[in-house]
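Look at the two complexes coming up: chain A is in both, with chain B in one and chain C in the other.
Presenting the complex of A and B:
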């Protein structure tokens, strides 16, 4: 009788004890980047809590870690009775992922910011229309600049970074076309994502050439860009949000940064004008959920404005400033975003499309 | 023509020289550290790791105590500890100095990464914990041009120049400096004259830890106010290159660092010039300018640069 009970108990445990694991492998930006690694992880954790499954993160310090980390993660998932899903975060992991995913056809893989070159049934790639969020921040930057010169600091010129730039420059161009204000964009690249000082040097360089607003799409280098804008603005206005606000509301010129990937407005309140965010957390969440429920389909998922995959930040600290300096700009952005949703205007995602981009046919409502 | 004028406009912009100084500052510290260590005959490629540890420690103690300068002080302590480790292995145990230096750099990378989670509750990078503001020098700041370059700048820039002056004086004008050079050139001879070779070498390596950790503190609490894993970005190695270009002399190393800083800032400015329109993937080539020029300068202008004769050779006393 006793033995029977034990066996029955074990059988019950085996049938109902679901063992499923979601493992995320970061790129060299790592967790704590306040950007897409953190965002994806937040989404995975949320799904993990909801579905009561184990989640785990593996950090990559160098690019040579990608293949071993992904392999280890896949092996770990294979040991689970009900399998699991491995996340590869960041465009730089593409080659590594393709190698590993082919070796483990029974393990689900989800990629953030890239998609494998050929469709694999066990791999889903999440892409974002970064340009659609960057368009709005470019429009705001063009409206807010007092020098007529805005800057862009990129990390490495990989597709997601470049899509941010195309959208940003398109936003500036749209403002020029609609308002007749001449605004030029200068751009530079740090050639990496993890050296904040390099981002700061580049930002100070652009400021010294007459730029007053910089959009940084450069991972942790972007923190240096924000710090540069903060240093410059604090010297003029004094420290703290209150002083920055007072100074800006009196109509005087300040230096601003624009954040990327997640809402970075809080990093330097008042100085980070807005952020172009993408819903990597959504990708993390659905990646886990689909793999768990068996809805997982190999291929590419592109998330844009329509899917609420990209948007601009809440403007928690800067709404007053923007409303004061450029009173109509937020309304205009709402209108333009409506046009993007309707498909009346398409935000460029390549250099050629950017050159051809125009909103000359658009009429802003009064 | 327009391009030339645009490039000229860079050179008459005082901010350009200020950026050049801030790019050069960590290299000045690192190369001076290299000079101190190698003058006494110990190769120290652990500088990269010591810099990283300095960045980390200064942020940790700033975070814990709220006092930025206390953070800098503790960074120096961490630099001394890592340098002692290097000195102990390479002087006491005559270990291979390249292997030891590499090991210490890897140790620093691993340790800082590991300690992030328990101390800050998140891996990768910390929040902004506070930083050392630029100082304004009354009088100087009013002078046109020079005031814009040097009048309002991070105190670390001045500390770096001060350290170089101190280093030059110590190595070339004091008895201790003479002994350091003697130990680096010919430890046997120095030993016969009654100089404690080991003590002098310990001193040289420890000083290199002090200077390299200042470079690290400058990068984190001096410039950004946060720590990011691997944020030292190879500056320890560039510092060693500056030391070699500068012929193992504190002033030479400083000039070489300024040279790197100058062209580092120059490449930043070039990237941002509207007049130079190039594709994004070509822009990364601008970053190689300082190094291409280094090759030209070292090969063509400086000629032979010669290090201390006993550099990298462990000294074993024969009784």
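Presenting the complex of A and C:
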């Protein structure tokens, strides 16, 4: 009898389920950036499918959309019997989120890439140690460059973008210290995150200054950087991964881009050398899950290498090329990442720390 | 009378046609256009919050529309409202975040004035270059837009940064913030909307009731005839650009003092360019511009609600693009209109 009751109860629960909603509000970059907004959305959707709950996305076109969109999303969540969670994706939404979250204390909010200026019990802020992933791609870039010049294209110089840059430059510096190869970094910013054309223009100008590898931490602008590298390399090697590979493996110089936020290696196979990824998808996933299971705790969650919140991409298309041009570099990166995990080296997260950064005490294993 | 009817009919017909075409697009993506439009209207006017949101979005659009429209009346194509809006807001923000001690009665008008003067000066550069060297304002104002972008990003990451490393200025002092007319939840309607409407009244009176306005219009109609009639073309070109720039600067100032309360990296966010389409839809008439701006503001506000129904925001951008296309090519509409009359 008891067992029957339990089964019946479970059946009822299963049919009616939970009425819980997860709504994501994008920043002006919007979906389709192949990076940050898309990554978070992928994580939210995954959690939604697993937990069988409804997920929705709302795009913001301008900055004055943030307050109304967050408000509408919160209202929508309030209508649900079991509540839900609202995601604010992107650093620029901080002001708006603080205003709205205070109006709706019973709604959960999750912020990607920022955290409110004071702790609110219903708001969780996900931050990342971008520098720990960027360090590795900087090291690879320094090893792969044939011109001794590598580029950095940032969006707006906000903290997450700058952390990517600190890590990238630290990686370049580490390679110089350990190998004695002189590599300089050329920097530029697009001043926005949505127009690929601006990224492309900047990339073309950096290539013309002798840069041959560019790391783009610029949201959707980064797609323009990848396009510029692709056009340049295809002109030399011909179209398609096979041609690029053949050309590169013969030891000739090509142009490369490095992706950001999510694994962008597939965007231009062979041309995107690697990507510095951060687990925005994990943040999306856990944001939903914690809100659903009641484990949600207001405050800041910082995800780094240790938490598997940041990493470099799988190198699906470029592993052979990297192994050929710089045979030891991937092993060295494994070793250095081990040192980061152990705390032997700390990757800089500020301009001052970057200036002071050195790996002179480190000995690479033979 | 007939002319007035025509100038109202063109945009109205254009909007209707655009909505019909967009409805077909909505049908094509498998949604119900009636429901979609229902949520669009509900999202724009359905409750107090929606109306406030629509008015907030329309305020800067009215002002940039007036800026561009004023330019058109004087025969100059001010494509630089975007930059003038930015530079106006930037100057005002620099002032208002540093001089906090003033009482509102002085701080508010002074901050506004500084923003308007900055916008006017910025546009007058292009006016001066056109008057003295013949450099076309479309080219120079676009270049000034780029300069503004870089000055702004330098300021918000350097001298005007919050110190927290984000591209925004500190909050302006409360005495320089525009009074709030209405507050619902987290949404605040500032008195910026009143300023925008007053600006439209100013433009109407200036163009229709003053000698300077008459001269500017004369230069816009036919500069050679105006010159022959003893009106200085170069003086009026510079003056027209300056007034146009002041209106755009005011758009930036109301956004700063009424909405964001700080200068953000991309404060103008394309609203300067929206001004061009709004001036077109509003037929360069101040009252027409108010309605055009509210139309576009309502479409954008409503589109947020439409997204909750699963209809993409881009549908509204298609609608807007079709309206602009039809108004710009209003001969098509007029041809249809004329033929109908013949048939009737």
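We adopt the following convention: the second predicted complex is superposed on the first by the 349 of 366 C-alpha atoms of A that agree within 3 Å, B and C clash if a C-alpha of one lies under 4 Å from a C-alpha of the other, contacts with A are read in each partner's own complex, and residues count from 1 in each chain.
Everything below uses one rule, namely that a residue touches a chain if its C-beta (ideal position, glycine included) is under 8 Å from a C-beta of that chain, and two chains touch if they have at least 3 such contacts.
Just so it is clear, the model here is predicted, and its values are computed rather than measured.
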Overlay on chain A: chain C relative to chain B, clash or fit: clash
Which superposed partner A:300 touches (first chain B, second chain C, both, neither): neither
Chain B versus chain C as contact partner of A:162, first or second or both or neither: both
Contacts of A:176 with chain B and chain C, given as first, second, both or neither: neither
Chain B versus chain C as contact partner of A:346, first or second or both or neither: neither
First (chain B), second (chain C), both or neither touched by A:147: neither
Which of chain B and chain C A:243 touches, first, second, both or neither: neither
Contacts of A:197 with chain B and chain C, given as first, second, both or neither: first
Partner chain in contact with A:314 - chain B first, chain C second, else both or neither: neither
First, second, both or neither for A:189, with chain B first and chain C second: both
Partner touching more residues of chain A, whether chain B or chain C: B
When the two complexes are fitted on chain A, the stretch of chain C hitting chain B, from 45-53, 81-89, 99-107 or 135-143: 135-143
Overlap of chain C and chain B interfaces on chain A (superposed complexes): 28, 59, 61, 156-157, 162, 189, 191-192
Interface residues, chain A side, partner chain C - complex: 28, 56-59, 61-65, 67-72, 76, 91-92, 94-96, 99-100, 102-103, 156-159, 162, 189, 191-192
Chain A-touching residues of chain B, taken from the complex the two chains share: 13, 15-16, 18-19, 22-23, 26, 109, 113, 116, 120, 122-126, 128, 131, 134, 152, 219, 223-226, 228-231, 233, 264-265, 268-269, 271-274, 279-281, 283-284, 287
Contact footprint of chain B on chain A as seen in their complex: 26, 28-34, 37-38, 59, 61, 151, 154, 156-157, 162, 165, 184, 186-189, 191-192, 194-198, 200-202, 204-209, 211, 220, 223-224, 227, 231, 235, 267-268, 351
Chain C to chain A touching residues, read off their complex: 49, 53, 56-57, 149-150, 153, 157, 164-167, 185-187, 255, 259-260, 262, 264-267, 269-271, 300-301, 303-305, 307-308, 312-313
